[in-house]
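What follows are several structures.
Shared between the two complexes below is chain A, which pairs with chain B and chain C, respectively.
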Partner chain A sequence: MHFTSITAGLVQLFGGLVASMLIPGFIQSLKAKLQGRVGPGSLQPYRDLRRLWNKSTVSVSNSTLTYRIAPSVVATSMGLAVLVVPVSSLGPNWGVGHDAFVLGGVLALSRLALVLAAWDTRNGFSLMAASRDLTISIFTETAMLISLSVAALVAGSTDMQVMISRISLFHVWSSPAPSLALAAFSLVVIAETGHQPVDNPDTHLELTMIHEGMTLEYAGRDLAMLQWSGGVKHWIMLVMLSEIFLPHFQNAYLQLLCLPLTVIAICIILAIVESTIVKMRLLNVPRFLGLGTILAFMGILALKVPS
Partner chain B sequence: MIFDILLLSLAVIFIGGGLVLVKQLFKLAFFVQSFGSLLLTIVGIFVVASREDSGAQFTDKFHPQFGIDPLSGLFLIVLGIVAIPVLVFSGSYLDSDSKRDRVIACLSAAFIIILAGTVCARDPITLLGGWELMTIIPASIILIAHGNDKSVRRSGFIYVAITHIGGVGTWIAVILLAKYGVMGGGTHLHEGSPIQIAIVLSSLIGMGTKAGLMPMHVWLPRAHPAAPAPVSALMSGVMINIPIYLLIRVLVYWCRPLPVWVGIVVLTLGAVSAVGGVVYALFERQLKKLLALSSIENMGIITLGLGASLALTAHGKNDWAAIALAAALLHIINHSIFKSLLFLSAGTFEKTAKQLHIDRLSGLVHSLPVVGVSFFIGVMAISGLPPLNGFISEWLTIQSLIHVSTYGNFADGTIGAISLVAMAATVTLALFCFTKVIGLVLLGKEQFPRKKESSDSLLMGISTLFLALLCIILGLIPALYFGRLMQIAPWSSNKVSLLVLNLPGTGSLSPLCLGAILISGTFVLFLLRSNRSAKAAPTWLCGQKLTSKLYWSGSGFTKPARMILEPIIRPTRKITRVEELGITQSIEYEGEVPHLIESKLYSPISTWFMKVATIIRRVQSGSLGSYAAYLIGLIFVLLIAFRLGIL
Partner chain C sequence: MTDTFRNQVAELLNNDYTFGGLYATKLSGSVKAVFISPNGALKILECQVQSGEAPSIADLVPSNWDEREAHDLYQISFNGHSPLRPLVEHDPISDHWTVAVKGSDVYQIAVGPIHAGIIESGHFRFHVIGDRILFLDTQLFYKYRGLEIAAENKTLHEGKRYVERMCMGCSVANALAYVQACEEIIGYIPSAKLRILRTVLLELERLWNHLNDIAAICAGVGMSLGNQIFLVLSERIRRLNFSLTGHRYLSGTIDIGEIKPVLTADNIENIRSELESVRLRAKEAWRELIFNSSFAARLEGVGVVDTAQIRRLGAVGPAARAAGLKEDFRAHSTKLDYENFEAVIPENPKGDVRSRLEQRYLEFLQSTEIIFRLIRKTDILTDEETACEPKPLGIGITESARGRTLCIVEASEGRIERLHMRTGSYANWSAVAYAAVGNLLPDFPLINKSFELCYACSDR
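This part shows the complex of A and B:
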């Protein structure tokens, strides 16, 4: 195997499985600085994980295996998603390939597990969150699939490694399609990672939360797995944004070198957005994400207009 | 030789169908029939695998001919593989003591034979005869089962009426095909010739109606739930695939080459049905009706694959056209498996809970563990989750649609993109809809006392588990059979590799690897998690006790979606508040999501027809004198016309 491939594989595994929790941690600490608070450090999520890992879990009365197994399913599918999303145009296949729509299926599986866990415990708050999450997901997933389709049309393949290498070419950007897909996917990133203005990751007020709500019934190792999965989801989305949709280098090493820088830059933007924009009303979220779908759709049209 | 085995298997089913009328042989008869269905499946598999035709070829002549080719073989597999568990299930679902149930069992055997006959028909007259019987037999089963119920009689009437009005399209198409010698393969129609367009449009209307494509679907959510569970499973699992079979014959085999706009029309029909079906399924409260609406959605997905194939053939992209067609065929197989599984499970739920209102079923997995788990797997498959079979065919359909966008010009490229949006929305809405179903029906606190395990529920468990296992197996090894499906297309295409679906222009899909990682990872994490002590606690509800009154209902769960879609689906609601001395005593809430196509499109047409009929009826006074007057009047008119030289 080529040396570049091995490096990329290591970055993919280390970044996705280990370092990904730094992203929400960094955004939190940055937000605290922006708001004039001292706040926790970037490593706080890891301390939380250690604390949770040593605590006992909860067995909710009348619940079935669905509730108990859900965090494991969520964490496994997120781990699988790390393998599916490549970090550079070269890299190991891991036997699962790098297809963009396989990723969609894997993310859907994790969503199903959490929603069913909410139904299993019949916790009203979890169900409220699940209902909202699914409603928003109709629009998020559509916008995500369409922006990935634009990338696939530009690259001529739905393989994300091919997307990375083709979209790195300079002439591709002469068409408005990649820029429109970038705009659309940025909105998707905000919604999928649960940041303002779609969701507020800091809130613990039942009536406003979405992603937080579904973890309410969990404690100990279960909660640790769910929080880790949240970090991994940040990683997946940010890697896709910076490697596929943002302009990037053609050389695999330069791609790998630039990855941390772009991720940090996106974190800063997310922190600024979160500190300056208020959360929008739930019923306005579809409009926000619908805009994403329309932008990406215009990207496809831009590729199809006879010139 | 293989054709003789086909006849033998039908004869076995026929004998089983006769034996079922004898009370003492009731169960045995079902096993005889399922053996016949097994033979049917083997015949199908053999024909698809060997790619050999057997029996007669298609002819334009009007005398009965039967034969099999790989496309018919595929639909025989679908029929057989659904019929086996359905028949085993019927053995315990239907009651051998009830004469009515015995007649239903006999008719369902006839239904299976007719379905096989329609698929193997090789001449216009058998094809049309099978087509009509395919409608009439389930209609009579519905009437026999619930004929006392006025609303069911009404559903039966609407079913027969709409499928017959739509069926005219099929008659026109088939007769035109026979008349111009297209069916026998003697002549080829020119691209875009008036006859070709007439055939295509009338078959889209005729077969689209029977397949339940929107906006011709109104009969489907009424008829399918009205039948007994095994017959519903046959209707949703097999019957509605037959029009798709004919559509593939007409559009892909007989009428080639087609202009690009046919692909666009088919894609549009598919996109509308997929999204429309799942949206109404999301807000439906009766389980079997919900499943029927979801069949419309799945027919839409199949039609999207077919449309993609047509659009890609028009651009000469034969490889991808074959993949798109195979994706549609694969989704037919998959849908028939998980939909019959879900309908059979719904039948078991109905037996246990005596009703199917999803808000009033709860915790059924406790009293029906085997059927419950199978239902769970079926739901995961229909929601398109890896590594189950639904995911594979939906992934392939999405890939085909992307390629329509890639190769198409502005018009079909755009429709391809719109279909992609529709497909994405369908997949997520289906997840929404079916998580609601599992949550309400299977999970939560048990509402009904556990019944004693008996051999009856064993048969039900075996048949649903068989289908659930098929969902898993077909999901894990798609590459083993996908190449065969691609070869069903009448043009040649490249083969795909084994074990991993490595199609050109995609990242590869290796379900075995995905499944292995998902299962082993979950297992390891679950072990890690379980070696910690767990504290028993009630559901946290701010200190309140969770009672069934605080349970979420399906309408509550889907409310955000209903509010967002309000401008399109126009839900209605009525709140009645009873007040006494300024204190609210009780609140009544009524909400409904009306089916707009019925109320805005079909109701005006039927009211208009009734009005015209009332006017015309005045002519029929019933008295002899007035009819004599009509005759005299007619003679006068004729005489005047003769005088004036018109005649």
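This part shows the complex of A and C:
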């Protein structure tokens, strides 16, 4: 195996499985600084994981296997997603390929597991949050798949490694398509990672919750797995944004070198957005994500309409 | 008998009196209703309870909660009030206290009494379709302490401690209402100096409350920056309170006929400079806040309670004024120092969250001006007390940060026979439930925070 490929593989595994919790931690601590608070450090999510891992789990009375296995299903599909999303144009194929639409399916599977578990608990909040999450996911997934389609059309393949290497070419950016896809996918990142203006990850107000609502009944190791999955989702989304949709280098080493810098930059932007833009009214969220869909669709038109 | 009571009420209403509260007494076996004339004069109507029954006036005045409370605590059934739902006594069967909302796709979301955040205990039952609220049933009084009854047979001085502990957020307003009632009983008229001191304390309490409420509204929409800034300002006022009185919430500063040395020559300068600095920072922060379009978009037209509904529900305080009702009891507070006071209301009062937020800011500015005016004239006044005729029943009314707070004390031989407290929060809870109807479920925390009522003031 090529040396570059090994390095990329290590970055992919270490970043996705271990370092990913740093992303929400870093955003949290940045937000605290922006508000003039001392706040927790970037390593706080790891401390939370350690605390939760040593606690026993809680089972809701009369709940079934659906509730029990949901955290494992979510964590497994996130682990799988880490393997699917490449960190550079070169890298190992883990036997699962790098197909963008496989990733869409894996994300949908984790969502399904959590929604079914919410249904299983029969908790009003969980169900309310699940119905909101499903409603919003229709718009998020549409915007995500269409913006990935733009990238696929530019690259001529749905393989994300090919996308990375093709979109790194200079001439590709002479068409408005990649820029439109970038704009669309940025909105998807905000929605999928659960940041303001779509969702508020720090809220204690049960009635406003979306993602947090579904996990209310979980404790201990179950919650640890779900929180880890949240960190991994940040990693997946930010890697895709920086490696596929943002302009990047052609050289795989330079791609790997720039990745942490881009991720940090995106974290800073997310923290600033979250500190200055409030959570929007729930009924406006589809409109917000609809904008992403329209932008991505314009990207397809830009590629398909002969000039 | 029954008809005369209702006729008397109707006649007072015709003369533009407003309902101040209703309470029952065990000793005389009667129900008493307090009315307030447009110029602040008080009138009490009494109706004897006959074989456990009294006529309901809930169709004439907003006495719904008062009658339910009297029923739960004194077993009086009110004729014409049907169904008479429990208020203080909690019924485990939810059908007994909720309003039936039936139909396909209607479901209930139950919140509380234990919440995910650090919030007082209250149970909210939302009847919703999707995320749209059809109706809201509230169940409070989870921590009802029976303080009114515990204070019975205590001396007037001891009673103050019970009143002060009803709610720390409204400590001054509640204690002051009680003390004014007691001073009516013993026939004491406070000196000009004492009037100034009490007014300053009441306004300091309003300052930290209003700043805190603005911060709470910011938190309700996830505006963490605004939340932090206004929390800091509120904290600065509480620290000022501490440096002046030794208590962050000003507890223990009000006493019957007693002046605490709060305003001295050195700390007057301290108050002035600190308030000016807080005011400046609040003005800057407010400008930034209202120019944030994402923030403004969450407030307009949410949780509307218009003037007609405010009157029907008997809502008071900033919530009423934000709907355009220019009523503020400070204008009639002869026992305090509010010369030429005029209630402020927003330019375009709509009764929504935005108006209630703006109302808080305007009152914050007004309160700082009142304090500036008062501390300028402290040293020129004497503390000459006067006396008047003692009475068996005293009523004190103050305008707390939540609205008009009424305290009734009945005493004989210096001991309390009946103490009744009707706070601004107590009067406003029905308006919160009404404001939620038709809005989105995720907007309810915001609507609730725009009223920011105390639970403790009801669970007294």
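General remarks:
Here is the rule we go by: the second predicted complex is superposed on the first by the 307 of 307 C-alpha atoms of A that agree within 3 Å, B and C clash if a C-alpha of one lies under 4 Å from a C-alpha of the other, contacts with A are read in each partner's own complex, and residues count from 1 in each chain.
By our rule, a residue touches a chain if its C-beta (ideal position, glycine included) is under 8 Å from a C-beta of that chain, and two chains touch if they have at least 3 such contacts.
This one's a predicted model, so the numbers in the text were calculated from it and none came from an experiment.
Once the two complexes are laid over each other on the shared chain, residue contacts for A:179 go to neither chain B nor chain C. In the superposition on chain A, contact is made by A:203 with chain C only, not with chain B. By the document's definition of touching, of the two partners only chain B reaches A:158; chain C does not. When the two complexes are overlaid on their common chain A, residue A:282 makes contact with chain B and with chain C alike. Of the two partner chains, neither chain B nor chain C is touched by A:4.
Contact with neither chain B nor chain C is seen for A:44 once the two complexes are overlaid on the shared chain. In the superposed pair of complexes, A:251 makes contact with neither chain B nor chain C. The partner that reaches more residues of chain A, of the two candidates chain B and chain C, is B.
In the superposition on chain A, A:96 makes contact with chain B only, not with chain C. Look at A:149: by the touch rule set out above, it reaches chain B but stays clear of chain C.
The intersection of chain A residues touching chain B with those touching chain C, taken from the two complexes, comprises 124-125, 131-132, 216, 282-283. Those residues of chain B lying in contact with chain A across their complex are 363, 365-366, 380, 383-386, 391, 395, 398-399, 402, 405-406, 408-410, 413-414, 417-418, 420-421, 423-425, 427-429, 431-432, 435, 438-440, 443-445, 500, 505-510, 513-514, 517-518, 521-523, 525-526, 528-530, 532-541, 546, 550-552, 556-561, 563-564. Chain contact summary for the complex, chain A toward chain B: residues 55-62, 64, 66, 68-69, 71-73, 75-77, 79-80, 83, 95-102, 104-106, 108-109, 111-112, 115-116, 118-125, 127, 130-132, 134-135, 137-138, 141-142, 145-146, 149, 152-153, 156-162, 216-217, 219-222, 225, 282-283, 286, 293, 297, 300-301, 303-306.
Residues of chain A that touch chain C in their complex: 31, 34-37, 124-125, 128, 131-132, 196-197, 200, 202-208, 216, 274-283.
By the touch criterion stated above, chain C contacts chain A in their complex at residues 107-111, 115-118, 130-131, 220-225, 227-228, 232, 292, 294-295, 297-298, 440-445.
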